[in-house]
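First, the structure itself, so that you have it in front of you.
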Amino acid sequence: MAGNSFGTLFRFTTWGESHGPAIGVVVDGCPSLLSLTEADIQPWLDKRRPGQSRYTTQRQEPDQVKILSGVFQGQTTGTPVSLLIENTDQRSKDYSEIAAKFRPGHADYTYWKKYGIRDYRGGGRSSARETACRVAAGAVARKVLGEGVSVRGALVQIGPHKVDRSRWDWAEVDNNPFFCPDPQAAAEWADYLDGIRKSGSSIGAVVEVVASGLPAGLGDPLYDKLDGDLARAMMTINAVKGVEIGNGFEAATLTGEQNADEMRAGPSINNGLGEPEFLSNQAGGILGGISTGQDIVVRFAVKPTSSILTPRQTVDLEGKDTDILTKGRHDPCVGIRAVPVGEAMMACVLADHLLRQRAYARG
Amino acid sequence: MAGNSFGTLFRFTTWGESHGPAIGVVVDGCPSLLSLTEADIQPWLDKRRPGQSRYTTQRQEPDQVKILSGVFQGQTTGTPVSLLIENTDQRSKDYSEIAAKFRPGHADYTYWKKYGIRDYRGGGRSSARETACRVAAGAVARKVLGEGVSVRGALVQIGPHKVDRSRWDWAEVDNNPFFCPDPQAAAEWADYLDGIRKSGSSIGAVVEVVASGLPAGLGDPLYDKLDGDLARAMMTINAVKGVEIGNGFEAATLTGEQNADEMRAGPSINNGLGEPEFLSNQAGGILGGISTGQDIVVRFAVKPTSSILTPRQTVDLEGKDTDILTKGRHDPCVGIRAVPVGEAMMACVLADHLLRQRAYARG
Amino acid sequence: MAGNSFGTLFRFTTWGESHGPAIGVVVDGCPSLLSLTEADIQPWLDKRRPGQSRYTTQRQEPDQVKILSGVFQGQTTGTPVSLLIENTDQRSKDYSEIAAKFRPGHADYTYWKKYGIRDYRGGGRSSARETACRVAAGAVARKVLGEGVSVRGALVQIGPHKVDRSRWDWAEVDNNPFFCPDPQAAAEWADYLDGIRKSGSSIGAVVEVVASGLPAGLGDPLYDKLDGDLARAMMTINAVKGVEIGNGFEAATLTGEQNADEMRAGPSINNGLGEPEFLSNQAGGILGGISTGQDIVVRFAVKPTSSILTPRQTVDLEGKDTDILTKGRHDPCVGIRAVPVGEAMMACVLADHLLRQRAYARG
Amino acid sequence: MAGNSFGTLFRFTTWGESHGPAIGVVVDGCPSLLSLTEADIQPWLDKRRPGQSRYTTQRQEPDQVKILSGVFQGQTTGTPVSLLIENTDQRSKDYSEIAAKFRPGHADYTYWKKYGIRDYRGGGRSSARETACRVAAGAVARKVLGEGVSVRGALVQIGPHKVDRSRWDWAEVDNNPFFCPDPQAAAEWADYLDGIRKSGSSIGAVVEVVASGLPAGLGDPLYDKLDGDLARAMMTINAVKGVEIGNGFEAATLTGEQNADEMRAGPSINNGLGEPEFLSNQAGGILGGISTGQDIVVRFAVKPTSSILTPRQTVDLEGKDTDILTKGRHDPCVGIRAVPVGEAMMACVLADHLLRQRAYARG
């Protein structure tokens, strides 16, 4: 059934296949009077765009976004913002291999079982190409969040190699092709990933996204909790297999004493600003499904690209045993390009909850 | 805003506070002509019920469920099933301590910031007592899933101590107070948790839930993916900080070769049954957001109970520094009782998606 | 599927059958810090309560409402408000007649076709008894709307007999058993309806509901237009067959010149209040699906009670021809008691849209 | 907030302004394996297309639809169907008049109050041009309904002039520019409407839409009743002010005896087909919010076009009194072109409920 929309007040709907004429997103529920032009959206698309380093797919897509509605004289009007991105590099090739066989780890088999038909060209609807639409929606969401809010992502792990958090520097994220906040790790990852790439293999990764500058009070328990919505948001990104808030799975190993985020009145409250300070952020900025006003911290695990050059066992449409290897242009670590996608999804969740919260603001 | 409902076709809405007169759940979208009595629901509530071992809170609640609507002559009628559970052991005590202070790790502060008022008695709405309603809804969902589907949960980790999967035996889960599938681990956990309990501390845990017997095709990409809905479902359970599908975060460390779930025609397809077999289940039974027909495997991390006997620093309502320690009846490992809750949430997600899928069934 | 909820931000869910132990409603999305006790709700239920004159059913139900959650120390907490009304006068009688036959005009046949089972006692879920839950939800909605907003209903037509609008006096509405704003019409209706009642017949009616004091800007075009939501709201009330906004069907007979609601700056705008004045209200306070700030005017037609003493032809469960006449306690004009129900539904729609609008308020 | 989507399982989202580059609709929840090409959609758009007679606006729009996604090799894939229609005849003209003044009866004032900005060119989002998207979605909905279901509309009243139902002939609907089923009325309307048109005035109308061939059981009481959804659907069409099901407002004047749709076993049930026959259809095919299997009959009133050549009093953006008359290309009776729009909305509601019902089909 209809499942291509996300959000309640700030809601977007995406459409399009990897090798169709275009992909797009309709952003509904955007407040009016926000300044918005293609130039506000394009940089975020460029960040996600393929073919920018040897570590991502060599498909060449300009990903030029067009605003088709919802903006008048440079400002949003409160009506749906329709964004369109044409597909230009739909390489004409022989799809008979993947048309007739199910690629392990891909959605080929499940789409076939569910729909009885699939647009196999480049993965069709299940292609990560769709995430460009998420990034475009996220750019609009950032306008809703405003200048005081930052939503930043970073790659914190490739395969077994994690960043050293003592070296974390947000400024480094744009200085390497991995969105890595630790320059030393980035250098090591380059070698490691070259090896993966040259062998025709692929590797998993972990992405972390942090939002700062948001008020306490976002989230609608018990089933529209902020963390619940973030978990759903991240888990719907291609290849994501796990989501954590704050210390996440590490919380399972801690005692109540270790896990408590203690509070102090602190200078701000003494200055009459009314906000206590937390001495730690194990909770990742969310308690009881509601934001605390601290940084909101989400991490998600991305599995290795399923398209690899080593043959894997599978079956064909007739149910016969066969092998498949996936040639073509693929990301050796699809987790890299998931960074701007994770940012975008977080921005969309936060924009939705910020508007929800405003509906209940007390004078 | 309204956030106390879960599901689309099979949708439930919960209400009630820890120390109000009752809690309850309205299950809407339940098919008609299912046999349903209180006796179908009560055993699942009993499984979650507090006070059954020294490892869970000593609050005594019979958790006796009453069906108030939606059932006629022992069968569901297709109208809303209203289930009510009275609160009986609302111990009369002095709440002035938690009324005036924010307990670290609890939702006290965030509810206060969001709503400007909170029912502090026993945590009010944010109390894990509400999970009884989830379990009741889950019992109805199991009726929708039918006898051929099993949804089973187990505790697989307490603090740093994991089960040995080579000893996994579902039959053992009901033989120990931990829902532990590994009897040797259960024995070790008993000692470990006694120590935690006696020291007035608490500890985190990991729960695994597995569903078997479901067809391929469940899930509505791209935003109502089955794994997205499961992630949201689990993350809305009290104290949950992370969710994984299949190999989850481990996928980040694997290569594409390692992570591929290869397929073979296998005996069933040769017998004309039409279903290939997977040689592994790294994906946890979900590809592209759609079920593969394999076991669906979800794990979630539960943080340690925030109520501990060691004083923690906090602030009071006036914003002054103070300390708090939480006396009373608490679970040293709230993860234990999260097992039947996780089962219930999974059953509800699956019932919803099973009905969704039927809407699109091809003749 | 799940269809027993109404509203988006201010959302209520009703449950219960005419002859079950109780009926109830869960109001979710109610803002916190509103004062709310049973005494705020009971008067509205009393207005709808049966057995208050010879013109409504003689079923005796105290319709005593209990608040089970969502209120703490007399104020709403932002969590779901669960309201319960016990059924007390479920007259024990022989239901074999209506159990085995389909009453024309009732939902007997369609519930049977849809669900394959029905609680035939008193109409089960399709009984107008459920409207008590709507009225209870409406009482909460009025709290959201605040003191400055009035939502008032009146009966404007019984059978062919309409009120004379030149005699309209809101103060008269509570002075007669018909909620009639025209005392002379009320007197005539009394005689007319006595005749209907004594003959065991029934008659249709038209209800008008008017909301005053609301700002311009409510409604979310194009599919959540305020008039669209009002139309749905009213059409879901038992026995309603038509809904009009403003001049409604009369608009079909007018020219553009006649139908235009012209505007003048008027005194308020000259006083710097910024609001122009409309010289008429053909549109019923809604243009393009958005409120104008004028009175919002809705009318709906209620069909005659289907339960009558004259035998009607029907079939039984075995598909054999038979006749049926409906004894028992019935409203000769069910439209009368639809007045407080229409008010309640309008209050709920407006509360929802008022909260929606606040989410987008500009500073 | 987001309000540009309609439907639950079969859901569409429209976007676009009258004078933007394009308008479009995303149809989500369409079953797979339906044959669908532009040729299936275009004829319905052509039926609604302006400029086809002197009785509709002379704006020339080819309304050529393009399918951008969701179809592969001529069949739907189950993914969103994105349909795009370019705006070609955005006549370059001076908009300063309507930019600075509020046209009575139009949405100018309310959009301004709600959003603080409006695309005044041709009415922007509130233009009836958007209904082309509804018609496109309706064409897809017809595919879901299948060949056995017909959804047909007709104009049954212009101003005070109604059709004579004894002369009703569906075959005549396409033989005159009014979609009038009564050829004699059509001839009279031609003269009448020429007078209206030449005087620069406009007139209201009533549209009737009838669906045949649907099973009993569609509709989800109590708040997703089939008639509730139809009422909302029709009321969201531009200029609609009233909606009726079956005998509608006439029901207010009838007794229970007159209004009863009696049932007989009839020949079909005697032949073992199991369906009784109704002797009349006062209810318009819906009882208790659920379809009976009879024809579903909806009527709606369309107000006169607000754009007329006679000056009307209004205010300008500065709040000063002024006059306005609307030059340009307008429909003297916008109700005519509402016929295919009403059909489309009914088809969409029915497709949604047909899928909902399938989810609960009993074996």
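Letters are used for the chains, namely A, B, C and D, taken in the order the chains are written, and counting of residues starts over at 1 for each.
Definition applied: contacts are C-beta pairs under 8 Å (C-beta built on N, C-alpha and C of every residue); 3 or more make two chains touch, one makes a residue touch a chain.
A quick note: this is a predicted structure, and the numbers were derived from the prediction, not measured.
More inter-chain C-beta contacts link the pair A-B than the other of A-D and A-B.
A straight line joining the Cα centres of chain A and chain B is 26 Å long. Mean C-alpha position of chain A lies 45 Å from that of chain C.
With centres set at the average Cα position, the gap from chain A to chain D is 39 Å. Touching two or more other chains at once are residues 1-5, 8-9, 14, 32-33, 78, 111, 114, 116, 125, 221, 355-356, 359-360, 362 of chain C.
Shown here, the protein chains touch in all possible pairs. Note for the complex: chain A touches chain C at residues 8-9, 31-33, 78-79, 355-356, 358-362. The touching residues of chain A, when paired with chain B in their complex, are 1-6, 8, 14, 102, 104-107, 109-111, 113-114, 116, 125-126, 130, 157-160, 196, 201-206, 216-217, 219-225, 227-236, 240-265, 269, 274, 276, 279, 282-284, 286-293, 301-308, 310, 312-315, 319-321, 335, 356-357, 359-360, 362.
Taken together, the chain B residues at the contact with chain C in this complex read 1-5, 7-11, 13-17, 20-24, 26, 28-29, 32-33, 66, 68-70, 72, 75-82, 111, 114-119, 124-125, 355.
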